[in-house]
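Dropping the structure in here first, questions after.
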């Protein structure tokens, strides 16, 4: 009886699971045509709409895309940054990249370099990279009063005032939207020091483990939407109606999730069925 | 040829071989893994030791002592020597002495940490139980009165705290029941943590698979 | 460290002459002398001595916290020494690095010397350790120094920094990411094995994990996508259920656990600080 | 809150809670020894160590990945008791550590525990193994030790982070009986998924008292219980105040310069 199908279903060798997992991950990556039905989460939809409406309401104002991530969380944050940047470029929004971890300057610039030619974006005119700034909270406090005065130079150490894009930017009143891509607890400072004072809309793009930190603020309206991890990035691309790497990775991810859920179900059904069989007395 | 050259780029090859070796552990511990495990530990420890010099000792001790001539910083050397008393029965008590100072330092910050990290959490647990007017705690459920959520919040908080009574529990049936439900609620909470962590972990695995398939093997060259 | 007179005994000696080294060696020698004097303390008083020093170690932070601040400022008389105490404890702690190296390298050297089974791996470990230590240090001092010049198959010269980069990015960094990624596999087998309806507790764990998982991916959104986004039925969309569990159950439950742990930490700290801790090592007569 | 004078009420609250704990410790030392409830995982220790000895396999103890800190020292205290049991059975311990400073303490704890079991000769300097102070290098080393030396009992106690599941899954695969405890709540679900017994939250700090039945430690546990009661009372009173204020349409989080007797208690606690 111990060789019954149900008994085996609850004792699958983990090595087999790992092989299946690898296949499940690799196939969507290798074959971009594999798709699962993408049905964007309502939190992502809110984020997408917030970006759309903020840019359309104030087309001449600046969007700040704050990238707080480094290589260790690029598996999630890179795709969020990419999807949002693509959206901004498509809307012809002017935007500024910035970050408070040293690596982010290079990582976010790489994405901008890849996307810019497609939309004819020119550095210094359509977008700018403010680079890495130390002392997160002090910088935010300073920016609330005077952005060019606090930041002084861009990532290439040229004075900010020399760029056309910065001509009309003084403080957060000239900023239409803040997008925070982050793997750590940085949201509080943005809300306390910036959003709370100027009511600039904030879109939050955290790694999946950090997402719950944003829920209370989504509810109270302090943030306008949450893009949760790489799945959120995939949703975002679906809303953009493009299929980039985020969609691929999100498909891989959904496939792994489906696998895990399937395994949990099969394990439980097996467990239940073999227990039922034993109870009926034809176990041995 | 160009492709072969790419595959054999030393840094990339090292990274790719290491990645495959480490990931192979899920199937079975093998020589390939063992080799990279030892290399990994060697590299990491070497990195840590060098970092102790470049990031701690050089800027905070050597530069002031040697660079700026503050000779009295040399008093740290005998203090540091005390740790090595562990290796002798005669001097081992001196290692306990210096470790004791470190224990004291670790323990001494507790009042400040308690006041600045945990007491504010007591305050933010004060939630109105009757009114609907304050969106004090976000709800997630639409059209559900905040007051009910606040009741739930309180109930969960207190019953889980009750589970962690160690000396009182045996004494009262009510306490026992509350504690049991506290344990159940804790399980719901821990399940949620598990579920919320999966995406971050899988995203990392997918990132490594992408590294092997695209950055190293460049399979995207062959697919269209 | 301020003193009314500019030149006093503790004035820095910037020149590295004989006087400087004399002072340095004298300081070390005096310190060693103090250590030797400590040995005079009779065994029965040693425990009390350790307790005294443990208490003094903790006293600074406790006093700094409880001492009232000067009016209108956020500092008291002790606050200005905080960086010094922090640096000092960091520097002293850094001296333990040798304990680690002796343990790791000692064990693997013994294994190589005695040619124990698998000693080859130990040799690899020692080589990797030495190479990394040397090139990390060389990189921080002479990063641009060329080791192998351009020519032959080399398109560019190799500097210390290049070797360090090879070890750090090619080796350490990617091995680290790979090890981290292993969890992606293990989490699959763990959830398959653990999430069974074996008991009420296990079922709760499973159900809430499933709901939160489904709330995060498109699969879950798709399953309940037919429900409206507003109104009471929206509550049954997976993303909203997940959010509800995380906020209204997870937050207070975690907070209760945090309170318990905070009190446990407080009690343990108090016992250590006041030498009330009991257990092997902690209350041994020395 | 940086200093007590930022909010004296909070500082006094903290001081009172501390005094309660110390008082209960002193009372217990004077002979008022309490009893505490069962903690499931801890009863399994002897059985696990005994089984490991029968199978001729070592016992693994991992004191977390933090340097000298309260969780690490607490783990060491618990490991002292386990090590005594290991020595009584004549088995041996492997203790991989992730910080150089912990090496010295680990060696002394094992030596003391073995000596008190009357088997000081069982100690070997290869027992406490420093692997690396880098999180994942350490994890790879422990995974290697588990796979090669196949410990039959594994105790993971102290501060753990993402590596928790790597250690617990490899241990599970090696067939070890595993007991885990950590103050990092985010890692508890992974331990629950892969270990046989898990001490939840605070149980970690109660473990040394439970194992040793030492009056001082038991007194401390009772003190912590009383402190929890104080916390609960504070939360209840604060909630009543918040409810009254809420009924007046005032949000506790944004009270500004409001004058109301009902806010007095709330203001005892620093924001």
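As written, the chain order gives the labels A, B, C and D, with residue 1 at the start of each chain.
The working rule: a residue touches a chain if its C-beta (ideal position, glycine included) is under 8 Å from a C-beta of that chain, and two chains touch if they have at least 3 such contacts.
Here the structure is a predicted model, which means the values were calculated and not measured.
Among the remaining chains, those touching chain A as well as chain B are C. Using the mean of the Cα atoms as each chain's centre, the chain most removed from chain D is A.
When chain pairs are compared by contacting C-beta pairs, B-C ranks highest. Centroids built from CA atoms put chain C at 28 Å from chain A. Here the spacing of chain A and chain D, counted between their Cα centres, is 35 Å.
In terms of their C-alpha centroids, the spacing between chain B and chain D amounts to 15 Å. Within chain B, residues 22, 25-26, 34, 37, 40-41, 43-45, 47-48, 83, 86, 92, 96, 102-103, 106-107, 110-112, 114-115, 122, 125, 137-140, 154, 157-158, 161, 163-164, 183, 186, 190-191, 193-194, 196-199, 201-202, 204-207 each touch two or more of the remaining chains.
Residue positions of chain D touching 2 or more other chains: 2, 4, 11, 18, 68, 70, 73, 101, 104-105, 108, 130-134, 136-137, 140, 162, 185-186, 189-190, 192-193, 200-202, 206, 221, 224, 228, 231.
Those residues of chain C in touch with two or more other chains are numbered 65-66, 93, 96-101, 104, 172-173, 175-177, 179-180, 182-187, 189, 191, 193, 195, 205-206, 209-210, 213, 216-217, 240, 243, 246-247, 250-251, 254, 257-260, 265-266, 268-270, 272, 281. Shown are all chain pairs that touch, namely A-B, A-C, B-C, B-D, C-D.
Partner chain A is touched in their complex by these residues of chain B: 26-28, 135, 137-140, 196-200, 202-207, 209-210, 213-214, 219, 223.
On the chain D side of its complex with chain B, the touching residues are 1-2, 4, 7, 10-11, 13-15, 18, 34-37, 68-70, 73, 101, 104-105, 107-108, 130-134, 136-138, 140-141, 143-144, 147-148, 162, 170, 185-186, 188-190, 192-193, 200-203, 206, 221-222, 224-225, 228, 231-232, 234-235, 238-239, 241-243, 245-247, 249, 251-253, 266, 269-271. Every residue of chain C that touches chain D in the complex is listed here, in rising order: 64-69, 74, 76, 79, 93, 96-104, 106-107, 110, 172, 175-176, 179-180, 182-183, 186-187, 189-191, 193-195, 205, 209, 254, 257-261, 263-272, 274, 276-282, 284. For chain A in complex with chain B, the touching residues are 14-15, 18, 22, 25-26, 29-32, 73-76, 207-209, 211-212, 215-220, 228-231, 249, 252-253, 256-257, 260. Chain C makes touch with chain A in their complex at residues 173, 177, 180, 184-185, 187-189, 191-193, 195-198, 206, 210, 213-214, 216-219, 221-222, 225, 229, 237, 239-240, 243, 246-247, 250-251.
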